[in-house]
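Each structure below is given as structure tokens.
Presented sequentially are two complexes of chain A, the first with chain B as partner and the second with chain C.
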Partner chain A sequence: MIERLGFRIEPRSETTAKGRALAVGVALAASLVLCALLFLAVGVSPFAAFQSLAQGAFGTWRAATETLVKATPLIFTGLATAIAFRARLWNIGAEGQVFAGAMFAYWCQSALAGNSAWIQLPVIVLGAMVGGGLYAGLAAILKTRFRVDEVISTVMLNYIIVFALSLLLLKGPWSEAGGFFEQTAKVDPGSILPILFDKTRLHLGFLLALVAAAFVYLMMKKSPVGFEIRAAGSNLRALEVQGTNSRRVILMVMLISGALAGLAGMSEVYGVHYRLKAGAITSYGYTGIIVAILGLLNPWGVVIAAILFGALVNGATFMQIKTGVPSALIYAIEAILLLFYLAGWAASSFKLKRIKP
Partner chain B sequence: MTTAPATPRLTVRHLTKRFGTLIANDDVSLSIAAGELHCLLGENGAGKSTFSACLYGLLQPEAGEIAIDGVKVELTSPAKAIASGIGMVHQHFVLVPSFTVLENIVVGTGSGPRLDMTAARSRILELSRQFGLEITPGRLVADLSVGEKQWVEIVKALYLGARLLILDEPTAVLTPQESERLFAIIQQLKASGIAVILISHKMNEVMRSDRVSVLRKGRLVGTVTTKDVTRDDLTMMMVGRPVAQVHARSKPGAGETALSFKGVSLAKGGRTHLKNVTLDLAAGEIIGIAGVAGNGQDELLEAVAGLVRPDSGNILLRGEDISVLSVHDIARRGAGYVPSDRFRDGLVSDFSIAENLILGQHWDERWRSGPFLDETATRRSAETAIASYSVMASGPDMLCGRLSGGNAQKVILAREFAKARHLLLCNQPTRGVDIGVIEFVHGELLRKREEGCAILLVSEELEDIFALSDRIAVMFRGEILGVFPRDEADITRIGPLMAGHAHGAAA
Partner chain C sequence: MIADLLETSIIISVLAATVRIATPILLAALGEMIAERSGVYNMGLEGTMLMGAFTAYIGAYYTGSLWLGVVIAMITGGLMSLIFAFMVITLKVEQIVTGLALNLLGSGLSIFWLRAAFANAGQTPTTPFFDTVPLPLLSDIPFLGPILFDQKILTYVAILLVPATWYFLFRTRYGLELRCAGENPKALDIKGLNVAARQYAAVIFGGLMAGLGGAFLTVGSAARFVPEMTNGRGWLAIVIVIAGLWRPVPVLLATLVFSFLDALQLQIQGIGVAIPYQLLLAMPYVCAILALAIRRSHSGAPAMLGIPYWRR
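Moving on to the complex of A and B:
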């Protein structure tokens, strides 16, 4: 059809960073227009909606720290996904690994309740990494030993762990004595992640997330491990021909990815909710995928994208109070952002060429 | 046939095609007569493929015009090219294996909902009789040999009414005997007035054409009548300088056995890849493996490199059984491996030259400082490699995906030669690289041989094999059918063995 107008779409031999930024920028602007139309559809001035959104996210010191609280688990899951995707391992299982991390940390920590924070805090951090890592490692072993596609296995493992937690909380050993909800009792005060600033909820987990981002950055860019991950993502076969065991690389990537995702579960349970329940840790894994892609699979990009998403979620509540826009609309906005972003990215690999009429 | 008749079959005037800043074809003008075999010659990247893609409507030139039989044509798609009477046989066949020959030929030719298969069949039989192409319309393409597939491609082009046929490196996949058949067919085509454009690297084929057009860096250096020039003239035109063909070499050293195969067999996916291979390779010796692609040569080298495990038999490297060792351990014992598919097996395209040079050795202490990779050390070694292998690159940080085939190969050679203290496995080291690089690779291999390295060389280019080998082994269906000292090996002995005719030739 487009050829009738005298044009043809051709792939570009190479795309400049500038061209790509332009395409993505235009796409994001277009997505804002679409969001504005959504606001209009529910009868709210887009200007007022965006303003209240921004105000709710960054308007006050408290609001800004709250945005960072919301961003913290997304940084972890975003990093987890970014590492796996860099190696072209499609780990969709950060969701389940968040659960596994939270659960294993809780299991270890509950045995040590009453001890000092110097003991309990390292235990929950390590426990979360081990739990998330092992759970992701399961998918790696399924892949390397039995050739099960990691997309399938990680998604399935997500379901299993959610139901496993439900079982443990409903009638199992972890259910709160005399409680009606599917949740544990409050955790021991010595295991709670310290608050960074008075009168905020911003906790140590946020600093840990930044440390994790720095760690991932250094590892990917400078270390032999990152070298292997990047090589695996570009040409696993060449890496293998050169004598690197590809099974080892796959397992390693999944262990690191799972460990990072596990930290998200730990940080929510011990930094925000102070008890283990499904509602405290649900959906960060999936949102982490979007965060990783928007962050260009780059650790610092992930931090920025996570803060943006934290801001959206945090601002949405304020926006609902102020303008009556349902806060669920935020999820539509997140999806629109991602789709337009991907479209812009894809479009930048093509060019429109005038052909002779 | 040397002077074009009144109206040439093909006339190209001032054709220019750019890719960004690169000018792939720069003001190319030539004409080809009906019944002429016209050869396009040039190094890789000289613009031959671009030129033929423009002729076949796959690319659109920025400037210039193309005329068939004096009529100007606009080739905006392959369909238009076919309609204008241009046919092309690609290097990689575009046939559907699960279709019959007949179906493959008629697919996409019908205009209505029904195809007259009976008429199509008799037309195909008529064409194949006329040109001496033995094809059976009812056979499945999957069952055909490589040569037969090529005949099908040619018949398909003729069936579509080609008056100008472009053959893109047609003999790269053929045995010497099949290549002979191809040239007999080309004679028939010429006799019936079809013009043929042959793209080839092989000088002996080029010399059989009527005229040759030489391209260099996108420009037409000249069109010459073949019988008026020598090979050296053409090479000069192509490279722009004289090329030394003969390499001085010493007698093969009677070194110790570096590598030995002892009854090595390998079957995979129901196919026999290696069948009881027994062969000894001495230090300082080059054994060339001659054979048509896919007869177990790849597996032979992969088995040594540790990429596949033989089902039975042993492979000894300097007396040590390496058939149970990992790829990494074998490499550490001084074996280098140059894979045939360099971008699939040899390089990480998204990595820089410096990174590719340490691929596989990235845990070595000499490339590390503390927990991190030592960028200073890797870049310094990359700079040395770029200089000593004369890699055309902007520097150690250039991504390997942006290197030309020849320069990518040099990066692999630099890495593998450094690893190969005792043994070098070389698969198709000159595939798809230009004459300058071929010359370079040959020189480097001989230098490595002088150093006492044992070299196992697989190449589909018999010229490589003859130019370099101390002994030549012929492989067919996983078996070594014969091993000849080089001075006893010639094409009449090796050719039939490559096709599996073993009668009384093994020595």
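Moving on to the complex of A and C:
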């Protein structure tokens, strides 16, 4: 149709940073408009709703720290997804790896309950990384040895581990003695992540998340591992020709990705809820995928996007109390934001070319 | 206990449940098969089914008609896949990422809408749902009758779609062109036939079927909508298409295997065998991974599946 007007749509050889930034901006604006329409649809003034959303997210010192609390697991899962996607490995399994990390950390820590925090804290951090890494490694081996597509295997593993946790919690070895709910007892005080500021819930996990972001940044920029990951993302075949074992790269990327995701589970269990239950660790993996993409698969971009999403989650609770708009709205908004961004980004990678004078 | 499971009446009830449980997955899988045959991986199937289930429920609730609910679900599924088609065929966005976005959209929008619609109700209201329609004479056949011919209309539709999609794909000109879009789009283009149009049609058909499959979960078999009620069925449908080598009859067989696991699980729970129910519930997902790991043939996939077509 466009060709009749003397134009043709062609892909640009490379997308400019300006184009990408524009795409994010347009996506944000379009999502805001759509969000406003959704508010109108449920009969609430968009102005009042946005105001309460912002107030709930940043209105007070406590609210702002709470936003960072909500952002913490998203930084971990966002980083996990960003690393994998950089290598064009579609690890959709951060959700399950969060569970695996939390479960493995709990398993190790519960054996050491009563010891000093200097023993228990390193154990939960390492345990979470090992648990998440192993679960992701399973998908890597399924891919390299059995040619099972990682999208499918990680999604299936996400479903499987929810049942595994339920099995352990519901009248299982981990269930709270005499408890009615599907959860463990409270964890040992020595294993709790220290609070950073008095009268807030902001805990050590947030600092760990920033350290993780710096680690990912340095790894991607400065280390040969980062080079291999980026090379795998652009051309796995070329990497093989050059003599790198692509199986090893795939396994390595998945191990790192899973370890990062596992930390999210640890940080929620030992930093916020102080007990292991499915509700404490659900949905961070999937949201992390959006965070990673909106963060341009860049570690600091992930941190910013995670804080934005933390603000949304945090503000939405306040908004629900103030205006009665269900806080579930943000899940729809997050997906809409992602769709608009993808469309905007894709559009910015095309150019119109005149084919006839 | 094992003897109980082998009684004829139990076998019939398990197999009839298998066919019933297979319905939504079969509908979605056949639609996905058509879409993938045209070269497009619709990874947004889970979210599309979920929105189908939700809109069928809410549509039936507000209009009071189950069939209108079904139509609304199909339209919703079609719209979801239209978004998908625009994103991946026209804009050429990564198909996996777009699919994920649609899944998250389906999950978020359905929960939000449900809460917004019934904010003040303590419990979400119920709707009626379809009854079985025994086919005259056929349902009287011993053994087979109650299994195959005492089902709901949507189940008959799903089963009839198996030969219908086979005939379409392998015996019609349109089917040939559609397969060509997935195997060698350039050849189609050189012939002056529109690749994108065929892919759009295939993806939208997939969306209509996913919507219909979703509708079966609410107005077809349950009285209300529960958040995340598709519970991986969309993903299982994608696995089934791969395990079924992109062919209608193997897709049907694969669907029946997965549904049988589910039906068996219900029956085992029903008679109270002491196996933790979580193990039984996890079975289909474990089997999905195993099915993909042990399949011998990796061929059968359309050559250009997942790769956008550029005219150079």
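To be clear about the criterion, the second predicted complex is superposed on the first by the 330 of 357 C-alpha atoms of A that agree within 3 Å, B and C clash if a C-alpha of one lies under 4 Å from a C-alpha of the other, contacts with A are read in each partner's own complex, and residues count from 1 in each chain.
Throughout what follows, contacts are C-beta pairs under 8 Å (C-beta built on N, C-alpha and C of every residue); 3 or more make two chains touch, one makes a residue touch a chain.
Predicted model only: the values in this text are computed from it and were never measured.
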Checklist entry - Does chain B (first) or chain C (second) touch A:242, or do both, or does neither? => result first
Next on the checklist: For A:54, using the defined touch cut-off, is the partner it touches chain B, chain C, both, or neither? Pick first, second, both or neither.
Outcome noted: neither
Next on the checklist: Quick check for you: in the superposed arrangement, does A:26 touch first (chain B), second (chain C), both or neither?
Outcome noted: neither
Item to check | First, second, both or neither for A:92, with chain B first and chain C second | outcome: second
Next on the checklist: Contact-wise, after the overlay, does A:207 reach chain B, chain C, both or neither (first, second, both, neither)?
Outcome noted: neither
Checklist entry - Is A:196 touching the first partner chain B, the second partner chain C, both, or neither of them? => result neither
Checklist outcome for this item: Across chain A, the partner (chain B or chain C) reaching more residues is C
Next on the checklist: Per the contact definition in the header, classify A:234: touching chain B only (first), chain C only (second), both, or neither.
Outcome noted: first
Checklist entry - Where on chain A do the contacts from chain B and from chain C line up? => result none
Checklist outcome for this item: In the complex, chain B touches chain A at residues 19-20, 60, 74, 76, 305-307, 326-331, 337, 339, 344-351, 355, 359-363, 368, 371-373, 375
Checklist outcome for this item: Interface with chain B, chain A side, in the complex: residues 13-14, 218, 222-224, 227-228, 230-231, 233-235, 237-245, 355-356
Checklist entry - Contact residues on chain A for chain C in the complex? => result 11, 38, 41-42, 90, 92, 142, 146-149, 151-153, 155-157, 159-160, 163-164, 166-167, 170, 286, 289-290, 293, 324-326, 328-336, 338-339, 342-343, 345-347, 350
Checklist outcome for this item: Per the touch rule above, chain C residues touching chain A in the complex are 43, 83, 87, 91-94, 96-98, 100-102, 104-105, 107-109, 111-112, 115-116, 119, 231-232, 235, 238-239, 242, 276, 278-279, 281-282, 285-286, 288-289, 292-294, 298, 310
